[in-house]
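Look for chain A in each of the two complexes below; its partner is chain B in the first and chain C in the second.
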Partner chain A sequence: MKKKFIPQNIISVLCGIASIFAFVIFWFIYTNGSTLGKMIPRPDVVIISLFKDIFNPIGQHTLLIHVCYSMYRVLVGYVIGSIVGIILGLAMGWSKVVEAIFSPLFRIIRPIPPIAWIPISIIWLGLGENAKIFLIFLASFSNVTLNAWTGAKNVDPKLIGASQMLGARKSQIFFTIVLPASIPQIFAGLQVALSSCWGTILAAEMVRSSEGLGWIIVTGGNNNDMKQILVGIVTIGIVGFILAVIMRKLEAVLCRWNKSGT
Partner chain B sequence: MSVEQERNLIKCTHVYKSFQTPTGEHPVVNDFNLQAKENEFLVLFGPGQCGKTTLINLIAGLDNATSGAIEINGNKVKGPSPERGVVFQDISLFPWLTTMGNVEYGPKMAGMSKKSRREKAHHYINLVGLQGFENSFPSQLSGGMKQRVGIARAYCIEPRVMLMDEPFGALDAQTRYLMQEELQRIWQAEKRTIVFVTNNIEEALYLADRIIVLSNCPATVKKEYVIDLPRPRKYVSPEFLSLRKEITSIINKYVVSEAENE
Partner chain C sequence: MRNKPCVYITGSIITRKRPQKVKVKFLKKFMKDNKYLLLSISSVLVVLFVWYLCVDVLQVTYQSVFPGPIKCFQTLIKKLYTSSPDGATLLQNLLASLEVAMLGYVLGAVVGIPLGIMMAWNKWVDRFVRPLFDLIRPIPGIAWIPLFLVMFGIGITSKAMVIFLNSMIACTVNAYSGIQQTSELHLWVGDVFGASDRQKLFKIAIPTATPMIFTGLRVALGTSWTALIAAELLASNKGLGYMIQNGSAICRPDIIIVGMLTIGVVGLIFDVLLHRVEIRVTKGMNAE
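After this line comes the complex of A and B, so read on.
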């Protein structure tokens, strides 16, 4: 069965490469020697300066160090926010009491976009890393909580009945039925949360920071340096893409049962 | 031993169950009385929506009777318990567990060591003829194979009573015959008290020691037949066919008179 899928995979990978290539060619044609080219640098110029920036510092750090700063902030906030979110969400889905206590508060906090907290986070936590990690925490927390909550709440009651008939006690039902049954839903939340975190960190770095990808874009704008802005944007895209691929692979491993027949 | 065999393992006396609906109280089971002996194969036979699943849920302890008493081995049924195994109509396998994981679930919950529960699970997987599929997920199995896993899973907790709620209802005709033969073989290999619900008279005659005919909603006992054809039975033997003809004509009479009364 596996062999049959390989040609299709190759075709879709080739299509993906072709479409990116076509986009770059259009970009090249329209910016090469035209008036538009005076405002937007050619793709080859951007790509070359992207590679140069890996060794030459932008501001105080090279590009990779900037990426590491942004990633570090995202990962710390994301991991803490996701763990808290999974625990709170599952508890809300499992226990009516926990749900009654936390759901009104959660429903009010959830629609507030994380960037709305930027001023407060700076006042509370200062200009350092803590404020940014706090924002990322909020960005991941609300998405993950919501998904873990609905996941745990919508577990098929027949599966719970089946496990009771097989002798499972209440805590066993939670760990052997509710938790695994919620994992696909939790993963969907983790994926949305990761892209939300990635967006939030850029906004936070653009507001107040001296390093990171958001800072690259903002200083590029301040210095009217289109090349630097585009290097920042392309890097954001590439890193976001890589993160999404990692999450999908992780999901494929953890939820391999969640597929209709092979 | 003979005393043990003669004792009534399941005893339902004046069981009554109703559901509250917007139009008022809706009785589903009315004055239901039943006795089942140790190792007896009892078939509850009745038309479509006559409260058979409710009866199974009541005996299983997944639902409570409005009034009346259900006793298993002299103990009142208070909730689900591994002394009663259930094979559900829609199987309700745990989709994130393999065949082995599903079958060994009950012993695992009871805290049995890995080695002995694996041994036990292997025994029942072999009994239902699924050797070689231990590591398949339910989504990779056919309908008949899933139902085999369901039977092995219920058998693996070694219950005194097996409750089967139209387990073959969703299977195609060929697989259904095959599964009936398989169930008869399994039951003869490892005797249990089985309460089997069906709306198929052929299935009832093939499997039952005793057939209880139920009236349509609310379910109550209409008639009882002791089937003493030698096993393994044949669907086309003259005795089987004449018994089938006899019971079908009597049941039809009931259905007709019931329809006239309405």
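After this line comes the complex of A and C, so read on.
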């Protein structure tokens, strides 16, 4: 069996490299010498400047420091949002009273995109870190709450009935049945939330910032520096990809019994 | 459920003895039956009241920082028929936003769903497209805006492209995992009865994936609505995002709040509508 699998892996890696390479070649041909090429830099220029930016500062910091700033904001907002979201979601799934109280408010707030909160958050929280963290908090909060809510609601009623028959207390039912049964759903929510938080960092740094990946793209746009924009986009893509992989691995370790697709 | 007949019986007994108490009992029964609905309504009312109390009565903050509910409501009504200060009434803004959102969304769904199905069904498509897709997927829609502005100009195309990317990704991911959920057993049954590859795809895999595809459509609707606001914040002269941006530029938080609530309510309505369609279309397709 093993012999059969290893070449398969190699083939898929090769195909991946080939397709990315083909994309880069396409990009190169498209921009090399054409009118569009005057505005959009060639891929080799972007890649070289990406490596240069690791050592040379853009603005005040080098690229890696920018990544760290963005990461710090994302993680703070994400952690707060997840904790609040998990608690609220579980409470909404567990108790009908809590659900009745919070679900209409939640359902109105949820479809409002974090970007639409920018003006309000500036007015309420000022231009500092708080407004950025608030935006990221919103992005993670709604995803996590929704997943925890459905997770806690869709617990197999047979299990709850069985435990009630065996005389479990309410707290016991919650901690030994509802919580473990909804963890896979919560994890799915956490994954989605992390990637949407990472997407919101740009919106958050549009508020006003002097560092971070969003800042790189926003200033690049203001200065019409396409190279800088593309460096920012590529870095956001790579870091987002790494974050998704880490979350997937974490899920595979923590929820071993549940294999979610991709 | 168990309580209901009891209440009814006691109600009728009391009716015979003391008819004047019927109304109270009825009210009580109504309260009991619609307890959760009433709780929901009252929670919204309580929030509105606290908002009113804090801003209008106690005046914790200035009206110019956080307007009260009455002012917001007045602005909403006013905005329905006047076009100041941003040059379009609320409905015109809403229609302009919807036009862009729908264009990008439909394109994204039309491209994304077949792409996801193909990626899950054909190994070679998966191998070639997946790495590129994984690379593009984590990049948020807003990050593309400066690039698309250069490529497609300031107009509906660049905005629609941002939305297209967002909705396509959600559709593809969900269609992909939907097809992958197809039970091996069902495919074997197809093999045994001599179904061709095409038949297996259309008769077995796609019906299995339909609920997931619909989930993707719903998620995509949410994300494209989100991306729309981002796109309009940057370059537009009409639309809800533009209205919010304008409200923030001239420091009118009431307009911002009206815009946000409109976005929220319209998003909610779309979600509910699509859910209705989903229930109707996927009836009996929920193959677990």
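Keep this in mind: the second predicted complex is superposed on the first by the 236 of 262 C-alpha atoms of A that agree within 3 Å, B and C clash if a C-alpha of one lies under 4 Å from a C-alpha of the other, contacts with A are read in each partner's own complex, and residues count from 1 in each chain.
The definition used in the following text is that a contact is a pair of C-beta atoms (placed from the backbone, for glycine too) under 8 Å apart; a residue touches a chain by one contact, two chains touch by 3 or more.
Values in this document were obtained by computation on a predicted structure and should not be read as measured data.
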Can A:G126 be said to touch chain B (first), chain C (second), both, or neither?
neither
Between chain B (first) and chain C (second), which, if any, makes contact with A:P180: first, second, both or neither?
first
Given the superposition on chain A, which partner contacts more residues in chain A: chain B or chain C?
C
Would you sort A:P57 into first (chain B), second (chain C), both or neither based on which partner it touches?
neither
Between chain B and chain C, whom does A:L159 touch in the aligned arrangement: first, second, both, or neither?
first
Taking the superposition on A as described, I'd like to know which of chain B and chain C A:L36 touches: first, second, both or neither.
second
Overlap of the chain B and chain C interfaces on chain A comprises residues 261-262
Which residues of chain A touch chain B in their complex?
156, 158-159, 161-169, 172, 176-177, 180-181, 183, 255-262
Footprint of chain C on chain A - complex, ascending:
11-12, 15-20, 23, 36, 39-40, 96-97, 99-105, 107-120, 122-124, 195, 198-203, 206, 217, 220-221, 226, 229-230, 232-233, 236-241, 243-244, 261-262
Please name which positions on chain C make contact with chain A in the complex.
35-37, 39-41, 43-44, 47, 65-66, 124, 127-132, 134-147, 149-151, 173, 176-177, 180-181, 222, 225-227, 229-230, 233, 241, 244-245, 247-248, 251, 253, 256-257, 259-261, 263-268, 271
Provide the residue numbers of chain B that touch chain A in the complex, in ascending order.
60, 62, 79-82, 84-86, 88, 90, 92-97, 105-106, 109-110, 137-140, 153-154, 157
